[in-house]
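Chains: A, B, C, D and E, in written order; residue numbering restarts at 1 for each.
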Amino acid sequence: MSQTVTTREPATRPARRRTGRPWALIVAVCLVFGFLYAPIVWLALVSFNDSRTVSRFTGFSTHWYAELVQDERVIAALGLTLRIALSSAVVCTIVGTLAAFGLRRTFRGRGLWTVVLTLPLVVPEVVMGVSLLAFFVKLAGIPLGFWALLAAHVAFSLSFVVVVVRSRLAGMDTRLQEAAADLGAGPLTAFRTVTLPLVAPAIAAGSAFAFLLSFDDVVISSYLTGVGSTTLPVFVYGQASKRGVSPEIVALSTAMVGVSALLLLIGVAVVTWRARRVGRRVDLTVAG
Amino acid sequence: MARRRVPRWLAANLLLLPAGFWLAVFLLVPLALVVEYSFATRDTGPLRVVLPWTTRAYRTALDPAFLPIFGRTLTYAGLTALACLLLGFPLAWFIARHAGRFRTALLAAVLVPFWASYLARIYAWKALLDGEGLVNRLLGLVGLDRDGGFLLTDGAVILGLTYGFLPFMVLPLYVACERFDYRLVEASYDLGHGRVSTFFRVVLPGVWPGVLAGSLLVLVPAAGDFVTPKLLGGVDQSTFGSVIDDQFRGGNNWPLGSAMAVLLLLLVVVVLMLRGRRGEDVL
Amino acid sequence: MTDEPPGGFHPVAERTPDTYAPVEVGIYGVTKCFSDQVAVDGIDLQVHEGEFFSVLGPSGCGKTTLLRMIAGFADPDSGRIELDGVDMVGVPPYRRDVNTVFQSYALFPHMTVWDNVAYGLRRKRLRGAELRRRVAEHLELVQLARFAKRRPTELSGGQQQRVAIARALAARPRLLLLDEPLGALDAQLRKQMQIELMQIQREVGTTFLYVTHDQEEALVLSHRVAVMNAGRVEQVGYPEDVYERPSTRFVAGFIGTSNIMDVKVSDMDGEWLELTGGGVERLRAVLPDGHSARHGQQLSVTVRPEKLHLYDADGEEQPPPGWCSLAGTVADVVYTGMSTQYVVDVPGGDSLVAFVQNTRRISDAGTPGQPVRMAWDPEFTVVLDSPARGGAEPAEAERTKEEVH
Amino acid sequence: MTDEPPGGFHPVAERTPDTYAPVEVGIYGVTKCFSDQVAVDGIDLQVHEGEFFSVLGPSGCGKTTLLRMIAGFADPDSGRIELDGVDMVGVPPYRRDVNTVFQSYALFPHMTVWDNVAYGLRRKRLRGAELRRRVAEHLELVQLARFAKRRPTELSGGQQQRVAIARALAARPRLLLLDEPLGALDAQLRKQMQIELMQIQREVGTTFLYVTHDQEEALVLSHRVAVMNAGRVEQVGYPEDVYERPSTRFVAGFIGTSNIMDVKVSDMDGEWLELTGGGVERLRAVLPDGHSARHGQQLSVTVRPEKLHLYDADGEEQPPPGWCSLAGTVADVVYTGMSTQYVVDVPGGDSLVAFVQNTRRISDAGTPGQPVRMAWDPEFTVVLDSPARGGAEPAEAERTKEEVH
Amino acid sequence: AQGATACAISEAPPRNASGATNTKASNNVAENRLNFFNWTDYIAKDTIPGFEKESGIGVTYDNFSSNDELEAKIATGAPGYDLVVPSDNFLRRFVRTNLVRPLDHDLLPNLKNLERRFREADYDPGNRFSVPWAWGTTGLAYSRSQLGTEVTGFDAYDLPAARGRSIVLDEARDGMGLGLLALGYDPNTKDAQQIEEATRYLLDLKKKIGQITSDVVEPLTSGQTPLAQVYSGDAFQAKDTNPDLEYVIPEEGGLTYVDLLCVPATAPHAENAHRFIDYILRPDVGAELANTIRYGSANTAAKPMIDKELLDNPMVYPPADVLAKLPFTKDLGPDVEARYADAWTKVKTG
């Protein structure tokens, strides 16, 4: 050990202690979240503003929330919007995931399918709205309203699910499916127990997209809302073009974000709790 | 007992059937109506095919006068996609690699702001970007403020678009990062490549399907969005999407709007046909 | 050849396979190509029920490809695979009573070790206490009970491999395919696992089709061994057949170390051939059954290094009369623990290798540069099937041939 | 102990490492824990410049973890790692002149084989013809020249491993870490690769830190060997030290096959101990330097199977006087190709293993049930460091200990 | 050469000859329902409940935010609305394409309450198809404090404080109208030359303004824009929250617009629609509507009940001389309308 004398230049730069955490990355992530939540914070502040204006803070008040809960039209529109968004997300997730799996390996005609499945991304919103309106009313005789909106929302959200799920499937280790088949899992079982859990993040992302796209759509929906079925974005847009974004809508937006954040926290708590419980079960299994 | 397996093409087509049916009925047939309309003669009333058939709308649509708008559209969309990538990658990477059991929570947190109405969010940005707004005041502290704020600038449009489409980049990227085998990064470091080189040579190719998917999901809708430019941009904010929109709204020129839409679709179809093998697994 | 009753002497009686048992896996003229290459090239093999059958061969010779076709992950381009007498073409993997220990483990990353092992059992409708018992049993077998809750990524390479073994074993199929299942294990654990695998195989009667690159393992564990090269089977037989009587130059070179000499027939005396070449003073060999030779014919012969005896060139002890013998110089001495390996340069530029068991302290061994005499009983000279080729190493030569495809 | 000049006899002169060379890798009290487990537990090791140093140990003992810390992928929880005398804590992997052959290969899936090998060279600013030459050279070295344009997924397991070797070798670092680099190769290719690796190491003077689970490989290739167990180093020394004079029961059991006997000191005669136990009629051993023993002390001794001689129980040839010897019954005869392994049951319920080189046809071997006498020269009885433990197998015992963490 | 083809998008066959003045209106569906499609925030609180209570007819009230949206829905034929409120320029198109049905004046005894100007208006002489809901003017809204001066005409766009922040409406006829008026031309001109000049003027103006948009309320209330071309109704909405705002009819002139109640050709409950129209023509109902939405009311009989403050506001009810400078937007026929549209596209994209 006494021979550790080195006369040569050190091969590397002087040591510098690395900290365990990727601080630069954490800072970047905080900034991005700051970017995402800055307008939300502003909305939250405004929603408690006393006056009608959304630009000057004149005093604290929950006035707009009170107004909101009494506004039947907003509540009805919200209800319809949520129903459509949820249905659309469910349909898109199922149909889109199936399609993504269909496109997994090469076969004749895959290129064509790919083009068809990408088209909805490209069709300008007005064009889609107008042509669907013409289609529903003139060709198909489908009344405007929930079903027409649902059909349209699925049509323009489907691609998002397909693209996200496909990107996950691309290059996924097929040996895992083989291993499942090897252990006696039929295609459906293998899908449920191995493939699905592995693509689940993508499917979840896809359904989130489908939901949000439907939840936020104005242009296409404005052509397809039927008698007595106005979606929230269409309603808001109409109002805004008349007298700007009303504090009521700001309050609604804040409430929605608040509720979803709350749901998220509850979800996290539940999952964590379940994970612990499952962990304990395995513990017992091993012990016994 | 021996039984032939379902051939691959048949299985694939069966899986694609529901999506194919849906899109055929609710996309292709309506689009056929648009194609028909694009060859009609102009009339001020909507949704009527007016004869004689003419290609006049196409000639107008291909007028070089629209080129700058096309260029602006691509610039908006391209810069938006780039900004989304720059903001989204660190986020996706962090969530996939460092967030542990808070992964799902953080991902959902990316989506939570989108429960607020689109217009409300945009108006919030308008307020923040205004001359008197928070952004300008903060930048004022370091002497970077701008008279009249950043509203009605191209920057504001790109910011608004980036804000609106960020999740469409983050989620596919996350999906790709989560699958990425981190041992490859170690192998690259091991062979002497530093962070930057490793990022471009190993990480980026590794998460490429995610980058492609995310870029597609941001680029294309961003190119089509005209509401955001309209609300945040200045006078010269016409995009291809808004021109098409104008042709339909105000009863300006339905055949022209249809023709432009058809051309846009054709362009994308051609690009898709010409795309490389590498992209085929994603698009 | 494959269906003959045991011909040679069998040291361990209970290891003798019942070669009259029905054929469990029948492989008939199976070929499989990848775009630019034949991976499996017209293979015929029959594995009997309850047999422990090993496939040995160099890297890239098609072992994994063959197993994948048996498991049903790939279909042969031509030829037929039968399991239990039923043609398997078109039968999906999950309908074959076959389990695989994958070379690359293929563990489910989203499941714990426990769930990985339970996977196949769940498919067999095992539930509750019975399931827990079976999983626990197999985790103990591979000494991983305490890792049950971990994910595969939190295990070392060897631990992952053991999970793969436990997962496949737990399902107790009629046929188990093992693709280098012990490759990542240390010798100690490997030996334990070998014994466990052997015991399980004998107990349960599962047919094992075992791919390994460890020849000793193959020789020790198997009822029969097939040696593959470049997509073809070069020899099938009992372990001692393959080792003591390699039929081709490739097998001789591949299994253990071989001293291969290119020689010419100079005389024939009944079943005995007199040969010249390789610098050996008097080289004799027995002509294998069913072969003939003619005067002046070019032949390859081989002799195993452990059959070679070393004598001090000028010492008083000399080889018995009648033995093949030649003089040479020690070029290298390599200590391998149990034995020492002598590389001896012989006249003509070749060198031969001799193994001497380290029954004594190694300091007793010879040193490089020392002149020695090597000799062996002519009954250990083995005549090889294939004609002499160029000077290339056998394995090398095969690989070159592989390139022709 | 590690810095001592060579003590034992060294069979191959040019393999002697220059142990006075500067320390290339210095590991001082390094510990690394995972959430629930100590993976590396206070290791001290020094590897000298130009040395071929092997680390042997059971699966999960922390070999890969140790290498990862040296390469810079993980920081030790405590302790210090020095490369070339410089503390490496906080130095990122890409600033360390170290390359690794990964146990899991970690090939870049989006690059061809060629690009994988060229990857490290590009970093070293090699371009054009020079780059092509270096890549071609290394692809040839691993016999993969014709696979240059393939992607890793289109290769067999062994081929992938060879790419990983070529990639790391091509960069020619000062220190090369090899994590079971030949694990997926067949014996034939493995031997070739061993020779290549050794030659490269001797030529280029790169320091090799080599993890393997193949003891013979470690013994053949290395200047020095460390044996790890449960995160600790149990013995460091020259190959023949470790093999012939294992210092602990674990090392004796782990390296090769050992016959370990728990005995009691019955008498002492200078450096000679007289021992009783294990059913041996007269058991003697030399007390190792620096050790003392007292009357009645419990000890473990071991003797290597190849040192055991077998005699017909009632044959006329009998062991020389003064040898340790005992009577037993052959329980199992296992043919391993080069030699045959006899498992002999001895009085007291234990069994001992003897290897007999197959210098004759195997049909000459004994058969199970046959009474035999086993004997060995008492100078081969090795006294082990650690006190006798319970009846558990050594490796098993270590694993149990591991569980305590 | 305008003919309906057999193709998918084809003109709905006219249900009735568009020449008829007095057609009997009856419900196609025997239901006590009315589907009313109106602009957002464009009604008094009690208008619908009052009607429902009185008539026993249940009203479904939906909103749209642009004439185009309305047009697209009506044009497809069967969206189920009984009563819609297009602006005057769109009504003309609806009439031309037979999207609305003639009114049954027998069911509208209160029609007599209408101001004369709106009975003879050239967008619909004799109220054959429509009855005014409310009317307003296009002018300029501005922030006095920000501009630091009173605004009288379009030259206000040159004020330094307005530069880069002012707004022009994004509506072809209103936008082009600004150009034409600024140049002293008739905003209903058919002269290609004048339209061309106005286009150039607007392209020039574009360099000074901030946005071309119809969403003016928010920017005005928040103070983001100090000057905007606006509809008078929007200006008052904005002024509600931002008292700093003023509305002015530029000296160059402006346009009068009217939002009109009309019955789509496909209305299932045409009779109920007429009952609603007649209800709204009642003085008390009309006055309440006017007082709430603060647009001009065309209901003479309601005037006495309209807030004094509103009636006296020259910005809502301009004096006769100003009114003379505020023509209705005329239907200029398909070709000229198209010319306006193209010119406007050029302004926006150029």
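Some notes on this structure:
One rule holds for everything that comes next: a residue touches a chain if its C-beta (ideal position, glycine included) is under 8 Å from a C-beta of that chain, and two chains touch if they have at least 3 such contacts.
Just so it is clear, the model here is predicted, and its values are computed rather than measured.
Contacts with chain B and chain E are shared by A.
Ranking every chain by how far its Cα centroid lies from the centroid of chain C, the top place goes to E.
The highest number of C-beta contact pairs joins the chains A-B. Averaging Cα coordinates per chain places chain A and chain C 55 Å apart. Rounded to whole angstrom units, the spacing between the C-alpha centres of chain C and chain E is 92. Multi-chain contact residues of chain E (touching two or more other chains): 8-10, 66, 72, 76, 215, 218, 222-224. Annotation for chain D: residues 92, 95, 104, 109 touch two or more other chains. Shown for chain B are the residues that touch two or more other chains, namely 33, 46-47, 123, 127, 248-249. Put simply, chain A touches chain C in their complex at residues 173, 175-176, 178-187, 189-190, 193-194, 197-198, 279, 282-283, 285-286, 288.
Within the complex formed with chain B, the residues of chain D that make contact are 68, 71-73, 92-95, 98-100, 102, 104, 106-111, 119-120, 123-124, 167-168, 171. The part of chain E that touches chain B in the complex is made up of residues 1-5, 7-11, 66-68, 71-72, 75-76, 90, 93, 96-97, 99, 164-165, 171-172, 206-207, 209-213, 215, 218-219, 222-224, 334, 337-338, 341-342, 344-346, 348-350.
Looking at the complex, you find that chain B touches chain A at residues 8-9, 11-16, 18-20, 22-23, 25-31, 33-34, 46-47, 87-88, 90-91, 93-94, 98, 101-102, 104-105, 107-121, 123-125, 127-128, 134, 163, 166-168, 171-172, 174-176, 178-179, 209-210, 212-213, 216-217, 220-221, 224, 227, 240-241, 244-245, 248-249, 257-258, 261, 264-265, 268-269, 272-273, 280-283.
The touching residues of chain C, when paired with chain D in their complex, are 9, 11-13, 34, 56-60, 63-64, 103-104, 143, 146, 154-159, 161-162, 180, 183-190, 192, 213-216, 219-220, 239-240, 243-244, 253-257, 304-307, 309, 332-340, 355-363, 365, 367-368, 379-380, 395, 399, 403.
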